[in-house]
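In structure tokens below, several structures.
Below are two complexes that have chain A in common, paired first with chain B and then with chain C.
For the complex of A and B:
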């Protein structure tokens, strides 16, 4: 297959299939799994923007998601703002949170980036826990208003409305990521990742690119968080925990760091795989072990992720097309 | 007023001892291998569970239990080094890859413990019963043992790394792997020893803590995060700085709880950690490189 075919036809075909899914999956449980998978796909692919494309080892990506969750929950429930606006506001506050943490991250290297972003996540979680009168503390918030469009409630029709809203969010986020990665700015991110000194010598500001990439990666992650809160109608501090973090990280690693579609494919596959395991009695906890093992295996045998292997298999055919590929 | 302050300082001392034992383990691995072990808290938890199983479920007594917990954690530590860290020596991204593999190890250990031991709360009996009064502040005799034991353990680790050949080889490997290998030090063995020693410390801490707190699969998370704050505050480089920072953080935490309450304390601690990281990434006592 020519690169154009794989990079345009395959995603479009997958999109058509996903648009048709509700025709076949008519029960709300299957649709629920798809919705959760779409949200994880948004989280993982946006995380990959900072982690895979720019090499910023951001361990606080789920913090942006959590900020979106609580923004939407507080705005729609406590203040009574329209849930649609509350979801979008989640993206704005997440971007703001990213800007706050980006300033120190831009100056640090290696393990210190891991530690400061991780500490930031813990900081936000402690803030949520300590402000119990606003956030509900450890119990979280429940009965958050649901989505409506005019008179139509999204809870009706076995979550049909939520399904398409989540899919729309994933498509918008993916188009956004493609635009960022293929822009000159996206190229400069790869330069920062692969040859920091050379990039700096060519006039690319390392810290400015790092700050920008963190803020950009937070926007759709925060919106996904807002959607998550409105869809599930709960906000709980669990979103800051190691569980969600490791699940999303495994999606980025297994899907392949530095690709756009890899984490999306991995998110869909892993959500269904872990849900299947959760259905087996006595294995509810084992699914996290399976994910952790998968992470270790992928890091050992295929550090580029599973999609990376497939691309390596194609490398012979693609060699001549490489310059064209680099231009688009 | 004075009574409250003394009570606070004493409880800070107990916390500081706990953090010193946890953080020195992290520091040993960091200085030797340059690896940040996210599974450190989970190893502590395994130490507590194994100690409980041997001492309570099997009825072999508390001391045998504590010894088994320490040994089990040490063996697991060596296993983690062998399977999850060693394959990446010399890799350009070793630091970041091992962050992820040890995070995976943490999840496997935590969820595995939940499957093996269940969610029911468990607790170990105390080494000694009764209470001890220090300047009018009372703590349990068990906590007093922890306070006395921690500096002794730290001192013996320090003596080990400074006075013995094996200990010196660990420091040599930490400073320059190639030169160490050139003068005949078995680098992989040194790495295994560092991991085993660090894990044994975590296991021992867990077994001792199992008498004070409840033993749960997630009991290691909070001490790990606190140890993280300590090593950042003190700098990841030296054992002495780590130990000093542990006691400072323990006492600051106790004072913050007194002034701000339980809720705001972790928030302020993390804020302090970020500020230190930004302005002095090598720690308060660390030398700027």
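For the complex of A and C:
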């Protein structure tokens, strides 16, 4: 496959298809699945920016999502700010949370990064649970204001407005990620990931790149969290749970670390796969075992994920045709 | 010594009970090619590490560059100040092409941006005679010699005052070592001071103007290469058995 096909034509064709989906998927349920898949795609692909591109084992990524959820919920319901602004504010507070956690993480390595970031997630969850008068505690917040554009309510038309808003969010996030990974900064992340000492010897500040990448990866994750709260009209501490985290992580790993499109493809595939398995009698609860097995098989065959398999199939041609910077 | 660019005083590095480098002092003159030899484990790479702060600084002692103390400074700041090193291992960014490797070196170490960085990358590729047709493939697919060329090029792109090369000839064939020899001479003629750790003695003796020999973290001998080679202790312990 030519580089132009993988980097331009395929993504554009996929976008056109997704734009046309509501013409065929006219029911609320299918559109809901797509909306959730788009949000997971934003979460997973942004997580991949820090984990896959920079090698920061940040296990607190879903915390940024949760911070976005509660920011939008509190701002729109408790304070009464326009939900559109509340969604964007979710990105700002998530970036701030990322900056707070990045400072101690920047100088740590390996398992210590996992432990500190995971502990940070638990800390934020405990904060949410303990501040029940603001966050609703274990019961969360309900009846959060929904999106409107002028007189148009996004609840109408079988979630058509939410579908396109979520797709727009995914497209904006993907363009942002492509711009980051293709910039010198994005390339420096791969340098930091693969040869930290060599990178430092070329003037790259390891701690600064780690802090910056964590903050950047939190922006759209927080916005997705804000959108999630406004769309479902619920903010629940479940978003900090291990289930959400492991599902998003499986999307990153199955899709392929170090790529932009891999986790997006995996998010779409896994969302529909888990839903399809839930519909099969006897597999309602076993579906997560199936996902876990899929993750093990994919990582065993191709540690680079699904896009890694495609790369392997094209390896002969790529050696002569594809420049290193076309592998996104 | 006239116009020292690097001054190392009583540099010491300990790891628990092990002293890897013990009170090592030496100076390097501006424009010199300064060779460093010694058997495996003698502390050569540790000396480079503590001088550049990558990945650690000295436990004790001082390192001065252009008269200013640099021990304790962040590693990337030392690199940006013009003291640029290469590595014996982990000598590549496997996912980045040669052009991309040079581009980020030009941006972060050379303060160049956009087209300027790219233009500089192409000029340095020509300087080290890197095969242009292979400049856009991932570094993991380059040959050993090409990886060495690229590492030296990525150091040169920031126009450093000093480059510190850690065994650049390891794994190279004889013709490749000859090309490297010529490249080092050319780089030095452009005014860049070179510190060279090398096990390939033909290269080390050919290009070095002065030589330092380490043994068990301490200086065994220092001086003109011809004198150092004649030193009986050096000849017997380190050089006698070599070709």
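Just so it is clear, the second predicted complex is superposed on the first by the 319 of 328 C-alpha atoms of A that agree within 3 Å, B and C clash if a C-alpha of one lies under 4 Å from a C-alpha of the other, contacts with A are read in each partner's own complex, and residues count from 1 in each chain.
The rule is short, and it goes like this: a contact is a pair of C-beta atoms (placed from the backbone, for glycine too) under 8 Å apart; a residue touches a chain by one contact, two chains touch by 3 or more.
Quantities reported herein were computed from a predicted structural model and do not represent experimental measurements.
When both complexes are overlaid on chain A, the residue A:129 reaches chain B alone and has no touch with chain C. Note on chain A: of its two partners chain C and chain B, the one contacting more of its residues is B. Touch criterion not met for A:302: it reaches neither chain B nor chain C. Contacts of A:289 after superposition: chain B is touched, whereas chain C is not reached.
Of the two partner chains placed by superposition, only chain B is touched by A:115; chain C is not. By the touch criterion stated above, A:190 is placed in contact with chain C alone, chain B being left untouched. Shared contact residues on chain A (touching chain B in one structure, chain C in the other): none found.
By the touch rule above, chain A contacts chain B in their complex via residues 57, 59, 104, 107-108, 110-112, 114-116, 118-120, 122-123, 126-127, 129-130, 132, 242-243, 246, 249, 253, 282, 285-286, 288-289, 291-293, 295-296, 299-300, 303.
Per the touch definition, chain A reaches chain C in the complex via residues 184, 187-188, 190-191, 194-206, 258, 319, 323-325, 327. Interface residues of chain C facing chain A in the complex, by the touch rule stated above, are 52, 54-55, 74-76, 79-80, 84-87, 90-97, 100-101, 103-105, 107-110, 113, 117, 136-139, 141, 151, 154-155, 158.
The touching residues of chain B, counted against chain A in their complex, run 36, 84, 87, 93, 95-97, 99-101, 103-108, 110-112, 114-115, 221, 225, 228-229, 232, 236, 263-264, 266-267, 270-271, 273-274, 277-278, 281.
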